[in-house]
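Multiple structures are listed underneath, in structure tokens.
In the two assemblies presented below, subunit A is common to both, partnered first by subunit B and then by subunit C.
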Partner chain A sequence: MKTLIRQIKALVRLSFMELWRRNDVLALVILALALMVPLSLSSPFGAAGASRYLDEAALLLIWAFSLFISLGTGARLFPPEFESRTIYPLLAKPISRGALLAGKYLGAVAASASALAIFYLLFVGCSLLRGGSLSMEVLQGFVFHLAFVALAVALALAGSLVVTPSANLTLSATALTAMFFFGRRLPDYADAVSAPLSWLVRLAYALGPHVEFFDMRQRLIHGWGGVDAVVFAAVLAYAVAYAGVCLVFAWLILKRKRF
Partner chain B sequence: MRYLVPCLALAVMMAFAIARFAPERMPQMVQGDDALSVAFADAKAVLSAAMVQKADSYFHGGIDMECSRWKGARDHEGHEEHDGHCEHHHGGEPSAPADPWLWINRRVRAPERHVHLDGKKSVELLPWFWASVKADPHNIDAWTTAWYVANNEMKDRDLARQILDEAKAKNPESLEIAWTEARFVYAGGKGDVAEAERLLEAARSMGKRKCGGDLSALSPHEAEAFCGILDYLSKIYEGRGMKDAIRPLIDEVRATGTDSPVAAWMLDRL
Partner chain C sequence: MRIEHVSRSFGGVSAVADLTLALGRGEIMGFLGANGAGKTTTIKMIIGLVRPSSGCISVLGGDPADSAVRAKIGYMPEIAYYYPYLNARELLSFYGGLCGMDGRTVRARAGELLETVGLADAAKRPLKTYSKGMLQRAGIAQALLNDPDLLVLDEPFTGLDPLARIHFRDLMRRLREQGKTIFFSSHELGETELLCDTVAIMKGGRAVYQGPVRQLAGNGERNLERLFLDVLSKGGAA
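Here is the complex of A and B:
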């Protein structure tokens, strides 16, 4: 057990270093500043005092960047190892494929979560500078966002073992973005179309990753307050269950994979 | 390959020829000569309308009124509960086992209370109206609603004047903007009534000129604004005891062919 934990810790550290070596996060922070600074300096119609639109833009950017980082990190966990054939020395070590998968996954989640924490710190810092106050729902929103990151990394990791990297990124990004914006409206779309298509829409509604559950943007922007404990637990349970299914699927594929 | 360049040249020439000889049949009408207009054309109007919808959502405290199924607001201040079509599809509050996803969505994405953003807080709506008119300077709804927010909610007449001036500069032929300006100057009878009358008469003339004298040819929006212009004129005439001047106004309201209640209000003033 001790050995397993040591192996997983080493893999987590490797995955974590990988993201920060690529400087993706730095590029995204610079991009966010380039977008947000001019926006915060503008005063629509010359009227001062509006701030919710800045929060809205900032949170949308955080969501977009976290999607980019999570999918990129999750999708790059195994394919480079296969291409450069470094998977052979890795598997030659006394480590099970399950531990390899768990270690890489946890490392990717930790790396993406650290980038997310930086984005949220910037968001809260800017909000405080504008005279806002720190509320508990920001913490709840951050935890929900972490759950999203965990789910997105698991989905991209499972996809990376099934399809090519570009197809995986495209499919994962499409599925997550579509569910984020339209997931809650799928029953309406199913009602509006005829039989075979409506079944497909209902299937997507039942099985698709409901990442819109983690979207606390409106609560944070308009000060609705946090969600209650039961809902909070239900959303986290959903994230754990969905990510768990993706990881078990990935483990089954990796276990049978011949190199 | 050798036919590629002549074919492309022919296609470009045909495109220009169709646009030149049948401009009214073109699928998109580019309103403006800036890069954004040329690149996006009608898409700008769609974007602009989306911004107004966003402002409406802000007014309702962040609730998207297009689909009220998600809000589940237990306490709605100010007016009746908006029951969108989505609500009826699912027959009210779902139990967790029936549709757990809907159950979660309603609780994550719905406020406990439905409150409106009014008074000084309405300043939060202005960025969306500003973005809307930047995307499409001919979105009259965005201009007039932004003016309403500044004038009636924020009680900032300088800001309201500034918005009106910009709106007029971008839409000098708009009856709605002209009517709005006259209402602003009239200020419920407490403003400059003589100036309001001058503006209303100018707007009335503009309306008649736009339709070539046939008032029934005005678009529904323009006809509504035209009736509003006549309504305000009749108020001014009533205040001065010029009841005879109201009769021709009633005829003009009827000539628009709309079922506007303005004619009935005017009859009450006689």
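Here is the complex of A and C:
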């Protein structure tokens, strides 16, 4: 058990180092700073309710950045190991493929979560600058967003073992973005069209990653309050289950993969 | 290390056929052959990355697919472009963690190994600034990190300058004196002849020669290069 913990710790540390030493995440943090701070200090058109639009813009920015970071991190867990041939010394060490997958996944989630935490701190800071207050709903929104990151990393990780890195990024980003914007409208659309298109839409709804479950933006912007405990637990359970299915799939592929 | 009647094929293409090799404790064996002769597949089977289609491989008394056996094996690939954002000390710390070593032991061992492979002065430089030879030395250090009983090296001389080659040979001899077993593949016949106790020559997935090197030395006519050419042209035992 001690050996397994040390192995996982080493892999998590590696993911952190990779994410924070690559300049693209730092660039995103600087970009977020450059966009969010001036916005929070401005009062567009002197409108009293403009604060809501600024919150909406900031949260949409955070969602876009978190999608970019979690997909990028998840998709980069294995392909560079194959290309640079470091997979050989890695697998020659006394580590099982399951532990390798678990360590890499946890590392990617933890590293992406650290970047997400910085974005939320910026958001809260900007909100406070405009005279807003810190609410528990923001914390709930952050936890939901973390669950989304865990799901997105698992999806990209599973995809990285099946298709090429560019195809994986394209497919994962398309699926997640489409569900984010249109997920909640799919059942209505399925009712409005005839078979067999309606079957396909229902299948997409059943299999697709329901990113919209984790989206608390409207609640935060309009002050509608948080979701109740049962819904909160159900959404987290959905994220765990979806990520779990992706990881089991990835493990089955990795276990059989020839190097 | 014992390899008995091992075969491995990929989708109907035979990579290794009926290979039998034996290597005793404290011996150095050079594994030779042209490209595509089956050397890398054999090495992958020895370190447990690939399972044989048939036959049996026993390493240090166990199955290399078993983690406990792999904990006693050190492996260096031909050329690996190790994580460019790490420095050599961090690289060894990472691999030490994978071997289940505690932080203090890894730090002590890493310092010692970086000194041994001549990377102590460059230990804090990112690996992306390393030359091919320096990456190769970092690879040797990671292979030695867990103080392995069996060292498996794939083309260890690649990228090493003459001085580094001499140091590498000295290091391998010191390890042999400590009772370590070393198995390496190479295209460098001169280096192999200087270093090895025995050689195995592969052709078309089969071992066409296995025997000692010492009897070849000083013959004048029958050095390893001549033997290699003879064996490959005849395709049978020399």
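Assume the second predicted complex is superposed on the first by the 242 of 259 C-alpha atoms of A that agree within 3 Å, B and C clash if a C-alpha of one lies under 4 Å from a C-alpha of the other, contacts with A are read in each partner's own complex, and residues count from 1 in each chain.
Going forward, a contact is a pair of C-beta atoms (placed from the backbone, for glycine too) under 8 Å apart; a residue touches a chain by one contact, two chains touch by 3 or more.
Owing to the predicted nature of the structure, the values given are computational and were not obtained by experimental measurement.
On the shared subunit subunit A, the superposed partners subunit B and subunit C are arranged side by side without overlap.
Looking at the shared chain after the overlay, A:53 reaches subunit B, while subunit C stays out of its contact range. Once chain A of one complex is fitted onto chain A of the other, the partner contacts of A:259 are limited to subunit C, with no touch recorded for subunit B. The partner that reaches more residues of subunit A, of the two candidates subunit B and subunit C, is B.
By the document's definition of touching, neither partner reaches A:106: not subunit B, not subunit C. By the touch criterion defined above, A:243 reaches neither subunit B nor subunit C. Here the vertex is the CA centre of subunit A, and the angle it makes with the centres of subunit B and subunit C is 150 degrees, a multiple of 10. When the shared chain is aligned, no partner comes close enough to touch A:62: not subunit B, not subunit C.
Of the two partner chains placed by the overlay, neither subunit B nor subunit C lies in contact with A:71.
When the shared chain is aligned, subunit C comes close enough to touch A:91, but subunit B does not.
By the touch criterion defined above, A:7 lies against subunit C but remains apart from subunit B after alignment on the C-alpha atoms of chain A.
Of the two partner chains placed by superposition, only subunit C is touched by A:21; subunit B is not. Aligning both complexes on chain A leaves subunit B and subunit C separated at their closest CA atoms by 41 Å.
The touching residues of subunit A, when paired with subunit B in their complex, are 44-53, 183-185, 187-188, 191, 205, 210, 212-213, 215-216, 218-219, 221-222, 224-225, 227-228, 231, 234-235, 238. Across the interface of their complex, subunit A is touched by residues 58, 61-63, 67, 69-70, 85-86, 89-90, 99-102, 104-105, 107-109, 111-112, 120, 123-124, 126-131, 146, 150, 154, 156, 159, 162-163, 166 of subunit B. Looking at the complex, you find that subunit C touches subunit A at residues 10, 44, 47-50, 67-68, 70-71, 73, 75-83, 85-86, 90, 93-102, 139, 142-143, 146, 152.
On the side of subunit A, the complex with subunit C involves touching residues 2-3, 6-7, 9-11, 13-14, 17-18, 21-22, 84-86, 88-96, 258-259.
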